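These are the structures in question, set out in turn.
The two complexes that follow have chain A in common; it is paired with chain B in the first and with chain C in the second.
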Partner chain A sequence: MSEMVTLTIDGRSAQAPAGTTILEAARGLNIDIPALCSNQELTPYGACRLCMVEITHGKRTRLVASCIYEVQEGLVVRTETERVNNVRRLVIELLLSRNPKHPRLLAIAERLGVDKSRFEVEVKGCILCGQCVRVCREVVGVSAIGFESRGTDRRISTPFNVAPVDCIACGSCAQVCPVDVIPFKEENGVRTIWKTNFELARCEKCGRYFAPMRQLAHFSRVTGLPLEHFTQTCVHCR
Partner chain B sequence: MEAKIAEIVSKYQSNPGFLVPILQDVQKAFNYLPREALQEVGTQLKVPISRIFEVATFYKAFSLTPRGRHQMHLCVGTACHVRGAAMIGDGIERVLEIKAGETTADLEFTFETVNCLGACALGPVLVVDEEYHGQMTLAKANKILNKLGKKVVSDEEED
Partner chain C sequence: MKKKIESPAELTRLQSELKGRIDPAQPCIAICAGTGCMAYGTQKIVDRFREEIQARGLEGQVAFRTTGCHGFCEKGPMVVIHPDRIFYQRIGIDDVPEIIEKTVLGQEVIERLLYKDPVTKQRIVHEHEVPFYGRQMRLVFGSNGLIEPTSIEDYLAIGGYSALAKAIGGMAPQAVIDAVITAKLRGRGGGGFPTGWKWDATRKAEGDPKYVICNADEGDPGAYMDRSLLEGNPHSVLEGMIIGAYAIGSSHGYIYVRNEYPLAVKNITLAIEQARDLGLVGENILGSGFSFDILINRGGGAFVCGESSALFASIEGRAGEPRAKYVHATDKGLYDKPTCLNNVETWANVPLIIDKGADWYAGIGTENSKGTKIFSLVGKINNTGLVEVPMGITLREIVYDIGGGIPKGRKFKAVQTGGPSGGCIPEAHLDSPVDFDELTKLGSMMGSGGMIVMDDRNCMVDVAKYFLAFLEGESCGKCTPCREGILQMRKILERICQGEGRMEDLDTLQWMGQAIADGSLCALGGSAPNPVLTTIRYFRDEYEAHIKDKKCPAGVCKALITFSVDPEACTGCRACARVCPTEAATGKKKEVHTIDAAKCIKCGACFEACKFDAIKIA
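Up next is the complex of A and B:
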């Protein structure tokens, strides 16, 4: 087990193993820090900047993203100062200018006392948290999608903006998206994602469509078991 | 193409950490980054194509569409801008009948704007096929285009 570190969060003393992020440590104390790009299953990323907190170490006080900043012995963290809230308000306004409607963003805005973005709205939907890209790379292990370009043109896309060759249609990206902007549809034995149709396998016993053929082929590749092992019956009928 | 990519990749010991220099070499070899070339780089380096597409679209120096035989880069950084770069740019766009960032249909010219080349004292700066031309004017730009085989209508030569 790694070494324990003692720190102070909002005046309360906390203990956490070295390597823990401030965000995780705060959650351990039931302190709720708004966060949109962090996900326990994924490598910390620090993209949305909503989770900013003020830290004091020795004489210096500064703002850091709590989802990537690791706990340190003697660190003093404050999660709700004026400075912190100002930054969070700015961040949520910027996010709202890309996506003015999503309930999750509106709830955070409300909590911060923001009712409207000062910025010109240019609806993109996606807030570039990168969870879809990371889940596809790190959890699913296929890396079918990624970022494209940079700056104001940055967006999530499939390579060359065509049907994604490595996609197994698992739908993890759509599921992990905090603002639900990845279209995902299932109809008549076909799943549609990334503007591409994927055939679903049908269970020989119950007749239900249960998983995309591509995903089952991926399982077969990874496990080395024959394809038929996966494609014939759904999990319920095994 | 496969062999060419193999040659480039092996020059960097097939190390994915060298993706950027590898793509630079590929671009040098093909004058842009053809899709098949990127796919081949991905296969040989064992890097997912999504990752390669990210890098290839991140840097302005990379192009996924064919580039012209002659490359023109006009600086529109602050110093060059105040000395009239915008007007020169408009002129070049008119003559080549393309917008900045595009390539002429005959694949002769690619025209792009850049932000500060670090040669502000020479501004406005126009880089043509890697050669720097300072104190640029529309007339000078037209002369260069003429020399490279682009007929420029005479009324533009005068200003």
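Up next is the complex of A and C:
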């Protein structure tokens, strides 16, 4: 058990184990902090900047990303100051200029009192939260996709923009995407993702297509068990 | 002399021996071979000097040194002839035989090659009497003109590595740190963080190994002092790093230098090899048991890699993107180990402090900014170049006394300090002292020392747009406020420059600026709004002219200006008609010309060509 740390969030005293982020500690108090790039299964990234909070430690007051900043003894956190809300409003307006319609962004905007973006819209869909890249590297363990270019040209891509060599078609990237912009479909025993078709394995017992062959091959490699162990029957028929 | 030096005393002996070999009365021609002068074609002049010296059999009688940048880039190619320090500027290949014949051998000064003071119209003979140099305090940069950067013997002969001998020979590591703290040295790379505290924190941090890094990722447009130090006096930077490593207890060092600086890479690489040969770098330095070695890491040119965490990522072989720094680099920096990152100029200040003492150093400058700072003085200024001045000097002294004022008698408008994300300071604040805190108060910053002077022909809206466009291109794109915010700010400025601005845009820009500064992940985004915020603060009338009157007072924004001919002033010389690329400017010889607005592309060629001030921009 880690050492417990006592801090104040929005005037309420909170205890959290050392190493906990402010975001986690605040959620433990049912304090809602909007966040788009954070995911408890993934390494904190601190890029969307929606989860900014104002902290005072000693004499110094400043804004930090609550998804990264870890709790400290005696820390005073304010989650809804004018400065904080200004950053959040700016961020959501900016994200709406890339993706003006997604319900999740619209809901955050509404909560922040932003009815529409003042900025010139250039629809790109993706908000570059990087969850797909991190889930692929950290959870799936294959790093089939990554960031390309920098600044406003930054985008998610497969290496060299061709069919991804390391992709196992697991679909985790599409699953974690908070704005649903990674196209993913299944038809006639084929799963299509990253503009690439992947063959699905068919269950010998029930006849359903249940998983991409590439993913099952990955399981076989990771576990050292023979490929047939995974490809013959689906989990329901085992 | 490849034998390793085994003790501080032995180093001192070698220094005196090398110094003794130089006859102070012997003529020495020191030619500036810095980047600026090389671009003027100095290499050919260097070759000519060598040929001439050889042809006359003067080797051994006349010394010839190709040195690093002297700083007065405006007047290159240039030579200084020692021992009298006679200063010749704007010399050409054909001047070489005459210089040797008359000045070096004949003690005669060649009038036409001397610098002419633009104010007094007097010719000035000696380098130190030239106001550009006379008003400076060249503690760090001054040695550039005295040594060949590729010669460790030259550096040793002027007392180089004495500070290292003093530190290793007689000071405990903590005493070295205390000296840097007492000297109140602050980081010259932009942040201005107290260097001694950083060293102390790294020394006290747990972890092994500890890294010492030199940040030579100088990316500001127009700034080249770090480059000139690495090119012109690499051993001074190296000596600072070795002293720092000794104080901190580090055995591993890196120099992160842009690959666009090939001469800097070459000279510092050679300097490390030379120092290693003499036992100043490597195992058991000066027989003290302390070991430290340095690797060079060449950067790929991304501006953001000057930011500490992005720099670490780049050295580690990952994309140069910053990460949130809620853990200090002094605890977890490169490879998550305690790391002390200092800028080139910061490191080069260290030997001075150790050599001459912390109290001496703390006697220079202002209350909280000590020592000197090197600035790249560029833009609309007569004396373009690198200037080193004591902290606390006023902007006016830099611009007028050292910089020689604005060319063509135009009116000063603003000086931008601190690089692309610095602020623009107007004339009303020209008497402000230049130090870390004062510049911050004015909404700008010290940054790494870029200083861009602007005159009444610079449009401040356009300037703000230019810097934002630079930063937009250099944003890594990781965090939303920086990536999208700078883009949208730039789009609003573009609209204003097109004459489509609205008064509420100014409020939006100021609001965005504050939120971007508050919300960005690293200092690039955190400081990016500065050019916009300071220009709105100090030049609001110019923004309003663009928005309300649809006019660009400086005559820059093409959508808002028209070119016309003043019939009173036009002499019908046809100069405008000859340069006009679209045949918009026309007229018969000796008759008043006209400009056809429908054909005019507002390139400004006629304005530049007219000798009679007859082209009007409104």
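As a working rule, the second predicted complex is superposed on the first by the 238 of 238 C-alpha atoms of A that agree within 3 Å, B and C clash if a C-alpha of one lies under 4 Å from a C-alpha of the other, contacts with A are read in each partner's own complex, and residues count from 1 in each chain.
Everything that follows uses one rule, which is that a residue touches a chain if its C-beta (ideal position, glycine included) is under 8 Å from a C-beta of that chain, and two chains touch if they have at least 3 such contacts.
What you see is a predicted model; the values in this text were computed from it and never measured.
S.K.: For A:L90, select first, second, both or neither according to whether it touches chain B, chain C, the two together, or no partner.
M.R.: In the superposition, A:L90 contacts chain C only.
S.K.: In the overlay, answer first, second, both or neither for which of chain B and chain C A:G46 touches.
M.R.: Touch partner of A:G46: chain C, not chain B.
S.K.: Touch test for A:A16: chain B only (first), chain C only (second), both, or neither?
M.R.: neither
S.K.: Taking the superposition as given, does A:A109 touch the first partner, chain B, the second, chain C, both, or neither?
M.R.: So A:A109 meets neither chain B nor chain C here.
S.K.: Check whether chain B or chain C contacts more residues of chain A in the superposed model.
M.R.: C
S.K.: Give one of first, second, both or neither to describe whether A:F119 is in contact with chain B, with chain C, with both, or with none.
M.R.: second
S.K.: Touching chain B in one complex and chain C in the other: list those residues of chain A.
M.R.: 147, 149-150
S.K.: Over in the complex, which chain A residues touch chain C? Could you list them?
M.R.: Of all residues in chain A, those touching chain C are 44, 46-50, 52, 63-65, 68-70, 83, 86-87, 89-91, 94-95, 97-98, 118-120, 127-128, 130, 147, 149-154.
S.K.: Considering only the defined contacts, which chain B positions touch chain A in the complex?
M.R.: Chain B residues touching chain A: 35, 48-54, 57-58, 64.
S.K.: Would you pull the chain A residues touching chain B in the complex into a rising list?
M.R.: So the residues of chain A touching chain B come out as 133, 136-137, 142-150, 157-160, 164-166.
S.K.: In the complex, go through chain C and note every residue touching chain A.
M.R.: It is residues 302, 304, 319, 323-324, 326, 472-481, 483-485, 487-488, 491, 508, 511-512, 514-516, 518-521 of chain C that touch chain A.
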